[in-house]
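The structures come next, written out as structure tokens.
Presented sequentially are two complexes of chain A, the first with chain B as partner and the second with chain C.
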Partner chain A sequence: MDRALNILFRVSVVAIFAFMLLPMLVVVIASLAPTNQIELVPDSLSLQWFGEVFTDRWLRPLQFSLELAALTSICATILGLMGAFAVAYFRCPANSVVMSFLLSPLSAPQIVVGIALLQAFAMVSMHTGLGIVTLLLGHTLVMVPFTTRMITNNIYSFDRTLQRAASVLGATRAQTLRYVILPLLKPGLFAAITFSFILSFNNIPISLFLSQPGATTISIAVINYLEYRIDPALAAVNVVCLVIIIVLVAVLEKIGKFSHTLYKRD
Partner chain B sequence: MQEPDVELSDVKKMYDDFTAVEDCTLQIDRGEFVTLLGPSGCGKTTTLNMIAGFFPPTRGHIRIRGEDVTRLPPNKRHVGMVFQNYALFPHLTVEQNVGFGLKMRGADNAAIAKRARESLELVHMGEFAQRYPRQLSGGQQQRIALARAIAPQPSVLLLDEPLSNLDLKLRESMRRELKTLQRELGVTAVFVTHDQDEALTMSDRVVVMNQGRIEQIGSPTEIYAQPRSHFVAAFVGQMNFFTGTVAGTGADRVIEIDDGAGRLACPDAASVGAGEKVEFGIRPEVIAIAGEGEPTPEGRTLEGTIEDVVLAGPIIQVYVGLTGGRSVRVDVLNVQGGPDYTAGEKAALVFMTDDLIVFGA
Partner chain C sequence: MSDPAAVSLGEPKPAERDGAGNRGRFLALVPAMPPGLLILLLFLFPMALMVGISLRPNDNGMIGEGFTLANYGLFFSESFYLRSFALTLTMAATVGALVTILALPVSYFLARTKSRWKTLFILLSIAPELAGAVLRTYGWLVILERDGVINQFLMGLGIISEPLQLLYSFWGVVIGMTHVLLPFGILSLYTLFQGIDPNLERASAVLGANRLRTIRSVLLPLALPGIISSAFLAFTLSASAYATPALLGGSGFAVLATLIYDEMLYLLNWPMAAALANILFVVVVMIAFFGARVEGRVNAKLHG
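== the complex of A and B ==
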């Protein structure tokens, strides 16, 4: 019986991974097509479509998306850190209310948030000419719930006695923050940066409403392109994005060692 | 007269309506090892935390080496503390943990490294300097926590149940080691525990606390031999309690035990008079069971029947039921060739009058 369960478990793990990863494999194959047809089993392979990616048409939104994601992840993580500190360190009966408020952008569909933001920005005449600023505000808004949550979990996971230990040893509050709390928060901060970066980079619903000519993210550029053409260039763009994300996660994980915070509390 | 190293005057701590500590007045001399002993919730840890400065008392003053520190934050008090769960910094090596206090006080790197190494040598952990806390056993982490607390040469060392997470054998050897180290360093120590054995074996003085108040302050010998209240007598060591009524006067006073269990002569030192209701206690190990043909003097003997015999390693616990149903525990050394005790047999319990500890009822 145990054996049967074990086999079932292994099969389902493989199935889940296949379900998650095979579509990416399809994209990779499609990007290597020698013709302008997307084929699952091409006769031969070619890198010609990647040449297409490295033109202004794609490089500009790609660069814009990277800049936006980088700024968003930094802003959302700083705000998330502040929110997490407020909730975790100030003993206040309203804490759960504050936490709910910080998480509230999650409760509305992002597309609704996008429309609302567009109207709000229009009302205060911020809808044109600001380019990255409105997008940054919108993206940061929807990322803050994630970063707050991650950093709060990290704070709750370590022993509060450590702060007492530091202060008895002569550390001021600032020194405790610098030498004890922030180093212990490193995994949470890196997890927050990584995830808000990825979520911003991949975001469609907010970007859809706040992108403008000259301030277009890669996702929106893909959607615009899709409106009149489907060819392997899109797959190649996707592969490039995929590689960027994988490299980024690998590098941040190498520095921040955050992956353990995602599945265990220690 | 040397000024006390730590002085608490009339300290009180309230949490909303709950009084955690009250009327706490205590002076601790330099180099003294004082233990706050009591059950959980008695206020001992709260008292220690107020000495450390984690929160201020609601009322009263705390002085360390003459300086009023009542309102000072922990980082300005220059005390050392060992926590129950050790609270080592997980992201720092052993050496960085031990050097943390000096680093915060702005010592230069060479001085920090030197002092950290010395402290680690004191706790015999020199070779673990480059490890991380998670790579060490509980006992080893305990030693590092101690080294970290003493490295900045604090005026007072505070110990919050530091041995309670260790297994029994290790705990006993750490007791002696900790005590030896404290004596060598000459540092004043305040130790919190609920373990009476720890309190008795390690302390110069024991402060027994109950429900936020100090019940008794005294040397381990005093606390054990002359407990001043029922609580202290019951909490420290084992005690058989009796209630009864005093009869007679002066040196002829006797205590008539309730339920007709018999009568015992009243110790001369007890200040009780005829007709007074009293409670008294007697330790299991000072009661003798009279052997065949041994004298059973009037006023020092109670008759009963052995109910149960329990072998507890070095001692045998003999439970003797008296007339009226009261059961008395007698501890007899488990020596080879000693008498056999069997449940159901008659037994005469012989007391030394001065071993009776009389409390007012």
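== the complex of A and C ==
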């Protein structure tokens, strides 16, 4: 009985992992297809579709998405740091009110925030011609709750008496900030930067409404293209995006060492 | 108070707390102002504006004069809208249940395994998250299409002679949505199982319970509040997803999110789009609230 249950458990874990990885594997295989037709077991492999990625059609939205994600992650992390400091150092019952306010955009589905933003921008005539600005504002808005929460958890996790210890030992405020607080904050800041970058790069609901000709993110460009055809060039585009994200996460993890904050209980 | 360090490091004296202390506290709020202002101007103001727009009539692609409840009236009387509302809830409930069921064994495995590949397994379960919804939905398009991977496979084996219509169907969307939300489910249940002491399961086994009995009488009751909150989270996230239903469901698959997009950008009916967005918002908040109540009820039963 226990044995059967154990086997069932193992089989289901393997099957679910396979289910999770299957579409990604299929995309990688499709990107290497030698012809327009995507085969389960291709006879030969080819890199021709990756040539398509390096044309203006895909390169321009890709560059735009990277710029947008970089700016968003910087803005959202700075604002999140401000919010987190206010919450963590405002020691009275009201700090939970401040925190709820800073997390409030999470209460609405992003697609609802996206249409509300488009209508509001249109009302104040910020709708067209501003390109990246409206997208940056929209993305930053939906990332601020995430960064605030990550950095707040980080501040709560470190020993606050270290700061007092530094001042008792004669450190100036600047020295305490440089040698005590910043190193302690590093994992939280890097986690916030990495996550807001990925979430902005992959964002659909906000970009859907705020993208416009000349200021379109790669996700929206792919969706628009998918509405009338499926071809392996898209697989190649997606594979390039995935590689960029994986390299970026690896580099940021190398510098910031934030991954342990992910699967630790808070 | 005999320790001198405790005196100098302790809480400020009452006099300090009343005077400079209070001002210090409010000064500490100053850094919250830039993010607060952002939320005020880009969240609360647009949401309020949208409620206003939803009460305007549609005037041939322009926002008309005067106030009316007609947009909401249309939603609750037109069968087209009611059907898409029902479809949204059915899809979200199915996806919420599937995500939770599939996340349970994997997250339990991740929390309990002592394998030296544990970090790799955790990375593999977060990896789909890095890939984003567009890549994964595209992968499912390739798999589910008429001459896609599944149909090629089944026809190659001779199990079917005609390709199955998998794409542009309810179950196609459900599979894609489940895949998109599974990492969320796994991560939230993983922290839940990590918080349950494995010694309790051992104790149960020592006392003679078999695995099934341990799961039913020890593990499940402890995990239930977390399972409920994860299921409701998956429900609300899938109720408001756009890309996967739009791409895997095709033009005939109308859920609230795709309707909002069409009303806004194709039909240019901004008041109706605003009304639909408000309805979606209210539904999601109500479901989340209901979920929190159920979770609280179960929690009280567990600890009461």
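As a working rule, the second predicted complex is superposed on the first by the 245 of 266 C-alpha atoms of A that agree within 3 Å, B and C clash if a C-alpha of one lies under 4 Å from a C-alpha of the other, contacts with A are read in each partner's own complex, and residues count from 1 in each chain.
The definition used in the following text is that a residue touches a chain if its C-beta (ideal position, glycine included) is under 8 Å from a C-beta of that chain, and two chains touch if they have at least 3 such contacts.
The structure displayed is predicted, hence computed values, not measured ones.
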Looking at A:Asn153, would you say it contacts chain B, chain C, both, or neither? Reply first, second, both or neither. neither
Quick check on the superposed pair: does A:Thr161 touch chain B, chain C, both, or neither? Answer first, second, both or neither. both
In the superposed arrangement, which partner chain does A:Pro23 touch: chain B (first), chain C (second), both, or neither? second
After lining up the shared chain so the two structures overlap, which partner does A:Met82 touch, if you call chain B first and chain C second: first, second, both or neither? second
According to the contact criterion defined above, which of chain B and chain C contacts more residues of chain A? C
Partner chain in contact with A:Leu226 - chain B first, chain C second, else both or neither: second
Both chain B and chain C contact which residues of chain A? 161, 164, 168
Could you please specify the touching residues of chain A with respect to chain C in the complex? 1-2, 5-6, 9, 12-13, 16-17, 19-24, 26-27, 30, 37-40, 79-80, 82-83, 85-87, 89-92, 98, 101-102, 104-105, 107-113, 115-120, 123, 137-138, 140-141, 144, 148, 161, 164, 168, 198, 201-202, 204-205, 208-209, 219, 222-223, 226-227, 230, 234-235, 238, 241-242, 245-246, 249, 262-263, 265
Under the stated contact criterion, what part of chain B meets chain A in this complex? 52-54, 73-75, 77-81, 83, 85, 87-91, 100-101, 103-105, 148-149, 152, 158
Residues of chain C defined as touching chain A within the complex: 5, 8-9, 25, 28-36, 38-39, 42-47, 49-50, 53, 102, 105-106, 109, 121-122, 124-136, 138-143, 145, 147-149, 152-153, 156, 179, 182-183, 187, 190-191, 194-195, 210-212, 236, 239-243, 246-247, 257, 260-261, 264-265, 270, 273-274, 277-278, 280-281, 284-285, 288
Can you tell me which positions in chain A touch chain B when the two form their complex? 158-159, 161-162, 164-172, 175, 179-180, 183-184, 186
